[in-house]
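Common to both upcoming complexes is chain A, partnered first by chain B, then by chain C.
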Partner chain A sequence: MRDMDKNTYYIIAASTISHQDTFGKTGFSDSMSPVVSPALITPDYKAFIDAGLLRRMSKILRMAVACAKDCLAQAGLDQPDAIITGTGLGCLQDTDKFLNTSLTVEGLLPPTAFIQSTHNTMAGQISLSLGNHGYNMTHTQNTLSFEHAMVDALLLLDEGEQHILVGAADEHIEILSEITTHLGYKPGFPLTSGASFFIISKEKRHDTVARIADCEPVAFAQDPVAKLTRFLDTNSLEISDLNRVVYAVPGNANAGKYKTIWREAGLDPEKCINYLSLSGVYPTASAFALNYAVDLISQDRSLKNILIFNALRKENLGLTLVQSVEA
Partner chain B sequence: MDILKEDLKRQIIEQLNLEDITPEDISDDNLLFNEEGLNLDSIDALELIVLLEKYHGIQVTNPDEGKVAFRSINSMAEYIRKRKS
Partner chain C sequence: MSVRITGIGVVSAIGFSVAENLQSLREGKSGIGKITYLEDSRPFLVGEVKASNADLKEKWGLDSSHISRTSLLGLHAAKEAWGENKLNSELRTGIISATSVGGMDRSEVFYKDYLAQNNPEYTLLKTHDSGSTTERIAAEMGITDYVNTLSTACSSGANAIVLGARLILQNKLDRVLVGGSDALSRFTIDGFRSLMIYDDQWCRPFDETRSGLNLGEGAAFLLLEGDKSIAFSGNKTICYLSGWANAADAYHQTASSPEGTGATLAIGNALRKSGIQPEAISYVNAHGTGTKNNDLSESVALKNIFGANIPMFSSTKAFTGHTLAAAGAIEAVFSVLAIQNGLVYPNLNFRNPIEETRLTPVTSLQTDIPIHAVLSNSFGFGGNNSSLVFADHA
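The block that comes next holds the complex of A and B.
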């Protein structure tokens, strides 16, 4: 069991590739708009990835490696002590390519897509790009993949590691839209891709603005509000102490239910934001929410407590408490 | 112009996703696995084996043959012609 009082987990770097102008930027939270275009705002990957490696990388790998390297540059680190990733659906582009080829080509199958189709390719490619020999782990727990990766990172910090690279990414491929249509899944926001990475550290820097106060993934959450109350109680808080709630709740009916909960707790509805409208829908969008929370704090240090409430999937609940750090 | 060699260059670019390279950038005697050539690696060697089967119906079953055949565009074309004759 983690002793949250014993350790403080500072966020010393954050990097996101999304539909918003997030990459390499601070203050992006002031100028975000709902996702409409299918295109992500991507950096020039050649500035981050060797051309020989880049030619083999799918979208998710490019995003992950670029964000990872950007984080290390921000933190002024050559190497993290560990690399931990979360992904809900893994390297779908390569999986799609490999499976389609296996259906249409007789005989030998091209190896690259097969090799890179596994979920842990992302963490592996980051490691290869950095020449890192540390702990390398991938968590895949549907919509709680990022929260599980984060808990792993916090546990490693408790055990004495100093700087952990932790992040998450997912990529959209066309067949996902077909599948969700067949399943009758209507999240209310566009299905898309995204990647967010962070350096979580024991060491506070002069420009550190936020820390992870707590993170709890809850599988098969029967009563999310009761879970939330207990989570906040553990951190000596009540719902009304929250300065912002960034939440993911798909569908209008469910969103309405939570809007009522926030309002009845005394929170200004304007300060409770369904981040799916900004990130689009992908299993690890809560990583985008963390970067969003950090950016909100960087723009307004009076925001002491921001809750990330990830109920993207009804059965899963991800709770992350982000707190501002005294200057 | 040797049509087989030009086809090979296009097929290699497509199969290996050589984004910034055009057929004109590859000379017939460029060493494919040399730093001064295309600087290909062992995964690319597997992709070339797949390429030969996919586009030319040739299976490379003897690894020693591959070593010689994949030296350059010239040697690949020579290998294909020899196997098809």
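The block that comes next holds the complex of A and C.
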């Protein structure tokens, strides 16, 4: 989005559940190695979700509600002004379950899986668990779902809201691996699940380390490098000004091209990280990348500019600029 | 702050165009009947668009089998709303669609064969994700500056309209097609049946004997334009979107609160944003699904806001069926048509008011009355409540 009046959007809380040891761990980026774990590393959900509710909740709902509550606790807030989520594929576990029941069972079907299959179940469950009556939105634009949710959050701050809970989640189910193979898609890294939530605010806290400078989802991206150059130009930056590039390129087919671009711009290849190697592959992994970037800055405030370059799907491009906040 | 509406398009069980839908609304002709096009032999009442996928594909010269019905319906409505407008590199043009099931109609075909181990066609799943249904519409129309999909169950279409208006007011886009599309699927029919809110008879919104909804399918889009775009296009303004609000009910994952908390907030905030006084609302196009729960909760919310002076109101769901994510967009088009043509549509199948609230909707077509402002409600699962206010003045 072209933006004439630059506003400042502080990240005052961040929380991620992933296949890595990320939840509740500031500084997790320091010791991170490529993702190998076949399963999520989850917190004790009972600390966040009522036991009765928890039993009925799928993986994606548990992750989303726990991250949302963790964010509010970090920020010391009772209520956000709005709840915005992004999801590429939605509540797959319940969708798969109800589709199966619908095609195989005659007569009256149990409704829970249907109820929990809609994409906005996460945002709905978060509002329910908080008793929140604010703006409640769910964006689903495959690999750009999180970026679109973020743009919505930034719009709300510009419209005068104070604290926005924004995040994204996707869950892996077994049939996805099978489908991926059959469609000949080579993700290059394990297919995983993950959820990352944030509170974005107009007001800086004493412990705030990072802010969103800009976020742009690009549809039908034909020339990603030209788009990137224009995006940085809008923010008065050049590629060489970037302290880190956190990027997603699936497989290894296109990785070389981007490595060349970073190198030719004078960036140390060590400082350019394919975040899919850490998060694994799911449509909203760029939300993981944002938490990763915030965490890097929390450990090293000299990282002034971190670019998240999301080319997970070649037709789409997500560009997010994260900047460190002066202490 | 209002936003100009300069184009509308709709396809539903009551017609393939704005003109056909308007004609059916005037004639009190419902589009609900037995399942004909969906591969489902059960005797349920649905509001189907009266065309096969092959018909729809032929109409737009598409030969690929890998396009969901949701995309086909959306494309049909989006093309009508877009009309003779041209893409222009000086104008930032976007599209926001809403869908609840995306390409589920195709995924079901795959899944059936998959379960039966009958050589399933995996490529059908490429149209499953909701975002891809919008991308397909955008690709056919050449719209690239902003392509997004919202999915908030039955309020999705209204929310797409809200987001588009906000993007224009914040000067992120010059013009944007906003709306929603949902194809009928076995998945949703079974879903609402499992909740025991699917009526085997014709749905009866706001009637004491109402016992559920009939599902429908369709799509609608509106073209919203900002000043720069208008200067270029010279398009005439049909009417204005002047107020909107989205609020969470936070009561139950599917049911609405008996106090109509979220609905009252959405209606109240939308009116406040529009600056239009409640007594200046000429007509309310209600969500009115025909379920016990929604219609009672919505009635309570209307009383909370309007007190004893409830404007003329009706639900048009007995014409189209409940089209889920498309409903907010289809009913937005109907609201625009009410203003444009001085009409209030009848609430079909109504006999006796709900005991608790005693509200009587309009039951016969009202013509030649000045309609200056219309409130349109859309309430969804997850307690997602949205209200829009349309007006004939800025």
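Worth pointing out:
In this section, the second predicted complex is superposed on the first by the 321 of 327 C-alpha atoms of A that agree within 3 Å, B and C clash if a C-alpha of one lies under 4 Å from a C-alpha of the other, contacts with A are read in each partner's own complex, and residues count from 1 in each chain.
Note that contacts are C-beta pairs under 8 Å (C-beta built on N, C-alpha and C of every residue); 3 or more make two chains touch, one makes a residue touch a chain.
Source: prediction; values computed, not measured.
The larger set of touched chain A residues comes from C, when the choice is between chain B and chain C.
Of the two partner chains placed by the overlay, neither chain B nor chain C lies in contact with A:Q79. Contact with both chain B and chain C is seen for A:P111 once the two complexes are overlaid on the shared chain.
In the superposed model, A:S277 lies in contact with neither chain B nor chain C. Once chain A of one complex is fitted onto chain A of the other, the partner contacts of A:A123 are limited to chain C, with no touch recorded for chain B.
Using the contact criterion defined above for the overlaid structures, shared-chain residue A:Q299 touches neither chain B nor chain C, since it reaches no partner.
Look at A:R55: by the touch rule set out above, it reaches chain B but stays clear of chain C. Of the two partner chains, neither chain B nor chain C is touched by A:T8.
Counting contacts by the rule stated earlier, residues 108-111, 115 of chain A appear in both its interface with chain B and its interface with chain C. Within the complex, the chain B residues that touch chain A are 15-20, 39, 41, 43, 46-47, 49-50, 53-54, 59. Per the touch definition, chain A reaches chain C in the complex via residues 1-4, 83, 88-90, 98-104, 108-111, 114-121, 123-125, 127-128, 130-142, 144-145, 148, 152, 155, 158-159, 179, 182-183, 217, 219-220, 283, 315. Of all residues in chain C, only 92, 100, 102, 107-108, 111-112, 115, 122-123, 125-126, 128-132, 134-135, 138-139, 144-153, 159, 163, 166-167, 170-172, 186-187, 190-191, 193-196, 246-254, 261-262, 265, 380-384 touch chain A in the complex they form. Of all residues in chain A, only 51-52, 54-56, 105, 107-112, 115 touch chain B in the complex they form.
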